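Let me give you the structure first, and then I'll get to my questions.
Here the chain labels run A, B and C in written order, and each chain numbers its own residues starting at 1.
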Amino acid sequence: MNPLIRWFHKLGSPPYFDRFAARWAPWGYGLGLLVMLWGAYGALFLVPADYQQGDSFRILYIHVPSAWMSMLVFGLMALYAAIALVWRIKLCEILAMACAPIGAGFTLITLVTGSIWGKPMWGTWWDWDPRLTTELILLFLYLGVIGLYNAIDDRRAAARAAGLLAIVGVVLLPVIRYSVIWWNSLHQGQTIRIFGESTMDPSMIQPLVWMLIGTKLWFVGALLARSRADNLRREAGKAWVATLAGGSR
Amino acid sequence: MKATSPLPGLPGTASALMRRDLRLLWRRRGDALQPALFALLVIVLFALALGGEAKVLASVAPAVLWVAVLLSGLLALDTLFRGDAEDGSLEQWMLAPVPLAWLVGVRTFMHWATTALPLLLATPFLAELMHLPRGQLPVLMASLALGTPLLSLLGAVVAALTVGMRRSGILLALLALPLYVPVLVFGAGSVAASAQGMDPVGALLLLGAGLVVSLVLAPLAAAAAIRIALN
Amino acid sequence: MPLTDPPAQPLLEARGLRFARNDDPVFGPLDFSVDAGEALLVQGDNGAGKTTLLRVLAGLLRADAGEIDIDGGAAGPARRARAIAYLGHLPGLKADLSVLENLEFLCGLQGRRRGQLPEHALGIVGLAGYEDALARQLSAGQKKRLSLARLWLSPAPLWLLDEPYANLDLEGIELVNRMVQAHLRAGGAALVTTHGAYAAPPVRTRLLAMTRPVAERAA
């Protein structure tokens, strides 16, 4: 059998996944933090100020990677959920449910940084900008998945139900996005496109790339750490967990 | 072996389920008015809160009417599967010779016909209360005619996900509302567009397209959710 | 009582059936079969997994491992719907509908045996005269009899009966036994769960004893 497939099968065994996650989560966190610090340094000190927005545009270096991650993590969550539903792989259930709080966190950061970024330009903390409004609805979708997962007692049925909701959400997300953009053009005409696809000078892109890489690495660390915790909780009572906790009784 | 009789097919089971639901509706005909009464109440609350002046009400009429219909549909969603889940009828549906998705679709249609249709009939009256300009009424009716079945179908998926739970009222609403956003946007937006002199057909066509897609996908998703929830 | 020769192919066959909830094993691995004309008694204490087993066989739950064959072929939804009638804990009756209306709906949903009328079935189960009574007004025992009437009208050859004697008086228990006997004589089969306290149907029976598997726990 293909060694890669064999490794996937091995990963599905709870004790093996525990060891794997315990080993690699710190790397994800550590490397991610380092790369993000380097990107932040570049964003704060190396990049020249924007001629239009001054220094306040620097928050883009947190806002844009967070926004990307909020969408990416939702897609990943739906993918894990689909695998879990079709092939009934328990590990994918755990991974999918671990994605939800992390994605919700990124969404919250996107909203807060977006609001801070917009304040100098709009004069208010919140303007119903289409992208931020979509992020807000995305946050509700995340909270719905988390809420549904916590509301059902049977952990496996809960993960499958919340996973189905995530899949429905990911299918509707483009529709929601399009509807909000349409709604905005209908009611508010053209607003100042702060978050638009503006062309960036190459000198400004580098820290963004570092931040993009850094957030992904950090996400891997967080996903492995949360999945490990959920895995241990589900397997609590089994012999291997007791030995891990420090001596069997 | 006993003489085998032909098992009911799609039309047979559909008509049996529809007859059952009509009978159940007739036994509790008072309940059929509740969604319409709730929407009326929401209108009254808005009018009281906004001051009752015709111009103010007319400016927000399409939005308030849409929100009232949406909220009353949300409340009615609880009755979609709960009764059948509690007395074991859903189990019998799963044992029928037709796909569960088919029965879910028929049930959702009957639920829409018994909760949203009276609401649609009451809409012209509610629109009058909100001083909706006469010219906007046809667009509003069209958007509701396309939008309410879509809300029922999307709501069916969420209702199916929470069917096993005892106190799922607010959770149901939290799960459904993000999914409802596009329907609300295009529904209320079509009326707003026509009020601004633009063509509402684009938005209405999008609602129609969404309805067609949901007619196929939503019952399948809801059936899968029911199987998960009743596990 | 005449014994029929066992047919070549069992009506239901289960191999290596396993089910776990939240990683706690509920039953398994189980191997058994049910032939036409015989009844399989599933005995076990509370919590041994009898109800779960029946629900897995009926298709309401999915087993974690194992195979189920019906009439020689792998059990899919179509085969199950044709072959199985399930009597579970919940009666599946609408409280606001009358006895006859409930029967009419369930027959419309799952089919009706040729030559059998709902009114006739009500007479058999002792509910004659209750045709127009609302299901809400029936006692627990009467609701059970109504479920039995629905079972009687079902064209399916395999009956899965989960605690069929519950809520019934002595006369009701006799009724169940008579029904199972007639059903088996006509070539059907039945799988009956019981605590073991009640009288078993007087037909050719096999026994499947279930005990709760010991979960893998830390010492």
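Assorted remarks:
Following the convention adopted for this analysis, a contact is a pair of C-beta atoms (placed from the backbone, for glycine too) under 8 Å apart; a residue touches a chain by one contact, two chains touch by 3 or more.
Because the structure is a prediction, the values reported are computed rather than measured.
When you average the Cα atoms of each chain and compare centres, the chain farthest from subunit A turns out to be C. Here the largest set of C-beta contact pairs joins the chains B-C.
Note on chain placement: the centre of subunit B and the centre of subunit C lie 37 Å apart, centres being C-alpha means.
Computed centre separation for the pair subunit A/subunit C is 48 angstrom, with centres defined by C-alpha atoms. Look at where the CA atoms of subunit A average out and do the same for subunit B: the two points lie 33 Å apart. Within subunit B, contacts with two or more other chains are made by residues 231. Multi-chain contact residues, meaning those touching two or more other chains, do not occur anywhere in subunit C. For subunit A, residues that reach two or more other chains under the stated contact definition are 154.
Across the interface of their complex, subunit A is touched by residues 157-158, 161-162, 164-165, 168, 171, 174-175, 177-179, 181-182, 185-186, 189, 192-193, 196, 198, 203, 210, 221, 224-225, 228-229, 231 of subunit B. Of all residues in subunit C, those touching subunit B in their complex are 36, 58-61, 77-78, 80-82, 84-86, 88-97, 101, 104-115, 155, 157, 186-188. Across the complex, subunit A meets subunit B through its residues 85, 137, 140-141, 143-144, 147-148, 151-152, 154, 157, 160-161, 164-165, 168-169, 172, 175-176, 178-180, 182-183, 186-187. By the touch criterion stated above, subunit B contacts subunit C in their complex at residues 1-8, 12-13, 15-17, 19-20, 23-24, 27-28, 83, 87-89, 91-97, 99, 103, 230-231. For subunit C in complex with subunit A, the residues that touch the partner chain are 21-23, 215-219.
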